[in-house]
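Pasting the structures in now, so scroll down.
Shared between the two complexes below is chain A, which pairs with chain B and chain C, respectively.
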Partner chain A sequence: MILLWGSNARETHPIFFHHVLKGIRNGAKLYVIDPRRTSSAQWADVWLGLDVGSDISLANAMARETIHAGLANERFIQHATSGFEAYRGCVEKYTLERAERETGVPAEMIRQTAHAYAKAKRAQICWTLGITEHHNAVDNVLALVNLALLTGHVGRYGSGVNPLRGQNNVQGGGDMGAIPDRLPGFQHVENAELRAKFERAYGTKLDPKRGLHLSGMFEAMEHGELTTLYVLGENPIDSEADRHRAVKLMSGLEFLVVQDIFYTKTAELAHVILPGSAGWCETEGTVTSSERRVQRVRAAVPLPGGVRDDMEIIYELAKRFGHDWGKPEAETIWNEVRSLSPMHAGMSYKRLEELGGIQWPCYDESHPGEMYLHSRLWREPLIGPRAPFSVVEFEPPVDELNEEYPIRLTTGRQLDSYNTGEQSRRFPSPLRRAAALDLSPEDGKRYKVCEGEQVRVSSRRGSVLAPVRFDPGLRPGLAFLAVHFHDEIATNDLTIDAVDPKSGTSEFKATAIRIEKCVES
Partner chain B sequence: MDLHLTAEKASLEEQAAIDAALKKQESEGDGASPAVATDGHAASNGLPPRSKRHLLLPVLHAIQERMGWISPGALNYASLQLGLPPAEAHGVLSFYEMFSRKPQPRVVAHVCDDIACMTHGAGSLCAELERKLGHSGSPCLDGKAIWQRTSCLGLCERAPAALITAAGETPRERVIAPAQEESISSAVAEAVGGKLTEQIDVLDPKVSAPQAGQPQLRLLRRVGQADPASLEHYRRSGGYHALNKAFEWGPERVIREVIDSKLLGRGGAAFPAGKKWEAVHVQRDSNRPHYVVCNADESEPGTFKDRILMEGDPFAILEGMTIAAFAVGAKKGYIYIRGEYPFAAKQLEKAIRTACAQNLLGKNISGREFSFDIEIRRGAGAYICGEETALFNSIEGYRGEPRNKPPFPAQSGLFHQPTVVNNVETLVNVPEIILNGGAAYARIGTANSAGYRLFCVSGHVARPGIYEVSFGPTIRNVIEIAGGVGGTGRLQAVLLGGAAGSFVSPKELDTPLTFEGTRAIGATLGSGVVMLFDDSVDLKQILLRIAAFFRSETCGQCVPCRVGTTRQEELLQRLVQRKPLGSNEQESALLKEMAQAMRDASICGLGQTASGAILSAMDRWSLFS
Partner chain C sequence: MSEQLQAPSPLIPIPRAPAPEIPPGASRREIEVSIDGKQVKAPEGATILDASRKLGIETPTLCFLETLTPVNVCRGCVVELEGSRALVPACSRKVEAGMVIHTDSERVRLSRRVVLEFLASSVDVSTAPQLQAYLKRYGARAEKFGPRAATVAQPPKIDNELYVRDYAKCILCYKCVEACGVDAQNTFAIGVAGRGFHAHIATEFEIPLTDSACVYCGNCIGACPTGALVGKIEYDMRKAGTWDESRQARTETICPYCGVGCELTVHSQNGQIVKVSSPLDHSVTQGNLCIKGRFGWQFMQPNK
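== the complex of A and B ==
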């Protein structure tokens, strides 16, 4: 059983979804949980079209039903988890009826889904931004993790919890420490012993405190604490919620450096632009896929004139700062990673090439890597700490619906385009659907607008013009905008920057809007 | 995996035919869980969520039977409903002879011009039809009908044979055998006028099974004696006693008895049936679904025994399959019936409905913890689908191309699960074995050929038909049972085992018709064909027809067979027209070399045996000197 929760993988992870389809054809059941009846949901055995942001209510109600039906995996709970009693107490409040009220999904469907998930021989929950682009993103994730712990669908072949990564190397970025509180290999920077290991290797002191995540940086800019920014391969002007604020803050920086392969909206504001290299075709190194597989990447084409390898730029900067790191070489840097990050230790370039990639952890050169994580939870006796249940409560989206803003707008991605469109909009695609506000046909009638008609879309923060398109996958009161076409429709003029304090992610998925017919002039 | 539908749209009539076919299938157990009414917050199975590819063949049949052909629009709509790319569906559609991809009149007369019918005037019949209705394959009667030549229709005991099909809201089919130009023309005219009456009671046992009613018969004892539609008759004549006994014995004992019976498969390959069952049975704890498949794709030219069993004693097949399912732990069975047997299919459908109503099929059969369902699948005019792995592919909705073996069906058969696949006649033997015990059955017949056997005697014989014997009689004995040589009365040759079998000469008539007896003279029993040719027959023409048959029926998957069958026909044409490349001896050597290549390198039996009959004839007679 595959539970696709808050993911339109059919469009956003088409290669992954290809494997899902193979699974379906082999008899796997697909359940899709998504406010929209997306093209992924159309392949599903069951689609639960919950109201935006009510995921925790749904998950907790599934948990309560699982416990009451005697379907919880008590052996596993006793053996490998902690905090179950508190969790049970919390979910007890989430009756099916309550969940039906809060999510809109019929109680019977929730019950069926809970039973199917608990009884499945193998089940995995896969999610993407529908879970994480909320003000309570981490709580949403924990609610799903709770379900996996409750049913024992974790740490076994074919079962697990699986965040689908948005790019070929999001996982690799995290692995290498591009997270405010982690060093390479997810080693906590605030752990003195681990930090000391890196300090010895680097021959310098490291800041013992964690850094800022993206939203935190914007707050710091607002407070005047952050005045200089070096942006690599990111386009926050187009990707941040509440775009007006982002433009204001970044324009006010004393010094902004942008290193990118395209002249982005962010680059337009920069004091210095460093033309970088395209990771997938112009550089040497490794990437790590969603399944934690580290793979080699090789330069297939030479760098265009005037462009330097990203690695070389950083080495050159170091040199200007007075540190000569020698000649930039991908394999040398990788070997440094291996010497400092135990979970990468066994991955020599030679082995990566021979095996076509290795899934971490891989502790030494005789270790084959691991196909799935957390198998330790099933060992007798248990190895390592218990997996904790987390008490999480339903909180509705911050941007409330009312008479003035009666429509729930959610944002997302389309098959043909990629995030802010920097990498995709320069190329024509026969599959591309033009920028438009997707509405249910019923709402079209209700607001007396027809397909193609330009309407004014307003939220509490901003207002844009957009043509209307009808999508039968939407129900009345639910609208959708893609995030790819900021030149045509600046979606993030509307979105709210209500940030999840734990992850720093904004609530892109839930905006309250109204639409108005444009007055003929 | 996206569907990539094309722009063509299906007509309302086509949509209705497809929807009805799917609804019928779904009501038979492929159904989705009922949807809960919602306000747009949930859906279950609203759009085709997964491929229902295995329903492709029934859906194609439904379109063909309704429209007379399958348009791109209809294929598109069917593909959408089945969750299958139309390109894939097209690949399957184009595989089968009975489906038309071009607009075609709704009324089609299929006229057999195969070897058995050739001995009964198929040649002159076709010539007359050409004069009257025009060329084979071109529309006649203001484009409202068409007649076409076809390979063996399995009606050899009543040669020459024809099958009329009339597509429409109520599709109709009629068998005409023996057929004359007048009877075909008038049936076609009737069909064009929308008035074609079907012959429901198509089997005349006195004609098809001349022994009917004789007391010693076991396999044929009900044919012509009991009403094939009546479960009551079947029970009264000992039916379902064997199933009850099997229930008492338990699966292990059933399998032991079937092994002890030394029952060999009657489809042609003669593999020990009990061994097949055991190989599937041992996997019952593997959590994989098991299947029982009845191979009723009787397409070997000259073979019609399974048709008569299906038309004359359908419950015996169901009982045999149910026992097999019980023994191997299968919950689902398929009967794959060749497309040219509409009445056999109807008879079995009726029998399945009756058996379900009486709890002899379905959930908890006779109150036991054993459930078994049987679904019928009709082939669509592809000889190769009689090959068991091609048959699996056909049921699964793929082109009916054979798979490489191993793995064998017992390990990876239908839907790649452990599967028992048995021929109709083999399964009809099963109740006999259970009732009397395996050891008793093994004592019948000869040491290496146990039990009863049906022979399909046709061609120049006094009383063509199906004959049951206990293994032992010689070719001569069987011909005598069938009333002796017909035609001119002077026997020239006998074809054993059909197109994939071999010719024997009158000097070899004292060969026992046993597995070991025929093997000793380099021949084969195959599917039990005994086809006689008198001295008026030009054997060269018979060989050409056999070569043409294989050329037309090769599935084209593997090179030796695809190229070899064509080259073989060309070579024979050259010899018949006395235009050999080099000398006749050189041609003959070339033919042998090609045959060797096909035997060695073809994936399945079709290529491996495609030259057998031809070479056996050339070994025995100097046809081309």
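== the complex of A and C ==
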């Protein structure tokens, strides 16, 4: 059984979805939980079209039903988890009737989904930004993890919790320490012993406190605490949830350096632009995929004139700061990672080549890598700490619907496009349609607008003009905008930067809007 | 001991545990057959083609691809099976204990030769090097049917900027249909329409590709053995006479888009990317890509 929760993998992870389709052909059941009846949902045995941001209510009601029906995996809960009593107390409030009210999903369907998940021999929960682009992103994830713990669908072959990563190396970036509190290999910077290991290797003192995530950096800019920014391969002007604020804050920086392969909207604000390299085909190195597979990328074409390898740029900067790191070589850097990060230790370039990538952790050169995580939870006796249940409560999206802003706008990707569109708009895709606001045909009737008609779309933060397109996959009251076409429709003029305090993610998925007919002047 | 104390702390690394178990696949009985006078064992469910390959026997295949379900249409791989009235397709016939098989008998050679002659007489095989090699190997003479032999000659269909369908080169191996259908993409934009010599690959009601269900994954291109389906850039370069595989490098790397980690083979010529494909034997892609992976690299071209 596969629960695809807040993910349109058919379009956003097409080759992963090929494997899902193989599962379906082999008899696996697919449940898709998504406000939109997406092209993924069209493959589902059951589609649960919940209201945007009501995921926790749904998950908690599934948990309550699982417990009441005697379907919780008590042996696993006893053996490997903690905090079950508090969790049981929390979910007890989430009756099927309450969840129906809060999610819009019929109670019977929730009950059936809970039973199917709990009884499945093997079950996966896969999610993407439909879970994480919310003001309570981490709570949403924890609500799903709770379900896996409750039923024992974790740490076993074919069962697990599986965030589908959206970029080819977003996993690898985090693994390498590009998150505020971790050093390479997820080693916590605030653990003195681990920090000392890195300090010895790097020959320098490290800041013992965690840094800032992206949203925290914008806050620090607001308070004048952050005045200099070095942006590598990121386009926050087009990708931040509140464009006005991003432009204002980044324009106010004393010094902004942008290293990119494109002249982005962010680069337009930079004091210095460093033309960088395309990591996937102009340089050597590794990326790490959604399944934790470290894989080699290789230079297929030479760098264009005036452009340098990203690695070389950083080495040259280090030189200007008085540190000669020698010759920039990807394999040398990788071997340094292996010497400091136990979970990467066994991944020599030679083995990565031979095995077509290795899934971490891989502790030594005889270790095969691990196809799935957390099998320790099933060992007798238990290895390592218990997995904790988390008490999480339903909180509706921050941007409330009311008479003035009655439509829920959600955002996402389309099959042939990618993020702010810098990469994807440069190939002539026959699938690409003009940027438009997708509405349900029912809302078209209700607001007396027709397909192709230009309307004004307004949120509490801004307004844009957009042509209307009808999508029968949308329910009345739900609208959709892709995030790729900022030049045509600046989606982030509308979206809210209500930030999840735990992850720093903004609530891209839930904006309150209204639409108005444009009066001809 | 309170439960809280046992909860994991982000400060403390989770201890190493034994590598997780992966259930072994069902063990398969070994079956012994005789091929060209040699005894060979293959697991139950393997095909005559699998067993022949174990012996290093090269069997011509056109409609067969490791990642697709055999459709048995080309008859290029037929072999003689003792006790069987007709020749049998090696690519799909499963081994059975005691089979005696001849892969290079006169009857087999004749059958393969005629099949190849029919194909080469009616289809433009100029961009199908594998098929050309088979023609040579079996001494096939495509011209023997004379200048009035029927052909599938027709102008190429160019209705989008990503790929061209040049059905004058189509040998009707069905691989594109399989790749578009249940074997990989499950989009079902194309099928085989018509009967006999009029059979051809078509969208529903022959509508242009741009009005069809096609999502431009190009997995049909990846499966096409004759160059009937070809990227627009390759098509244009071939037409201009600038496509030169002898001067092309192939580099394995990873797709720059989503996090699935699809293995790409980047084909480059003169320091520019000219095509992207994916290896059949990679566990993630099995040769398949999406529109972004196969065509979305054009941002690397100058002036884009």
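Things worth noting here:
Definition applied: the second predicted complex is superposed on the first by the 521 of 521 C-alpha atoms of A that agree within 3 Å, B and C clash if a C-alpha of one lies under 4 Å from a C-alpha of the other, contacts with A are read in each partner's own complex, and residues count from 1 in each chain.
Keep in mind that, in the parts below, a residue touches a chain if its C-beta (ideal position, glycine included) is under 8 Å from a C-beta of that chain, and two chains touch if they have at least 3 such contacts.
Here the structure is a predicted model, which means the values were calculated and not measured.
In the three-chain model built by superposing on chain A, chain B clashes with chain C. Contact with chain C, but none with chain B, is seen for A:361 once the two complexes are overlaid on the shared chain.
After overlaying the two complexes on the shared chain, residue contacts for A:406 are found with neither chain B nor chain C. Contacts of A:475 after superposition on the shared chain: chain B is touched, whereas chain C is not.
Within the superposed three-chain model, A:208 lies out of touch with both chain B and chain C [touch as defined at top].
After overlaying the two complexes on the shared chain, residue contacts for A:452 are found with neither chain B nor chain C.
Contacts of A:300 after superposition on the shared chain: chain C is touched, whereas chain B is not.
Touch criterion met: A:21 reaches chain B and chain C at once.
Shared-chain residue A:48: touches chain B; no touch with chain C.
Residue by residue along chain A, chain B and chain C are tallied for touches, and C comes out ahead. Chain A uses residues 18, 21, 25 to touch chain B in one structure and chain C in the other. Per the touch definition, chain A reaches chain B in the complex via residues 18, 21-22, 24-25, 30, 37, 41-51, 103-106, 108-109, 440, 475-476. Considering their complex, residues 1, 32-33, 36-47, 49-51 of chain B touch chain A.
The touching residues of chain C, when paired with chain A in their complex, are 3-4, 6-23, 160-162, 182, 184-186, 209-210, 214-217, 249, 251-264, 266, 268, 271-273, 282-286, 288-293, 295-302, 304.
Residues 12-16, 18, 21, 25, 82-83, 155, 157, 164-171, 181, 186-188, 190-191, 194, 261-262, 278-281, 287-291, 293, 295-302, 304, 342, 356-357, 361, 363, 367-368, 370-373, 375-376, 379, 383-388, 415-416, 418, 422-424, 426-431 of chain A are the ones touching chain C in the complex.
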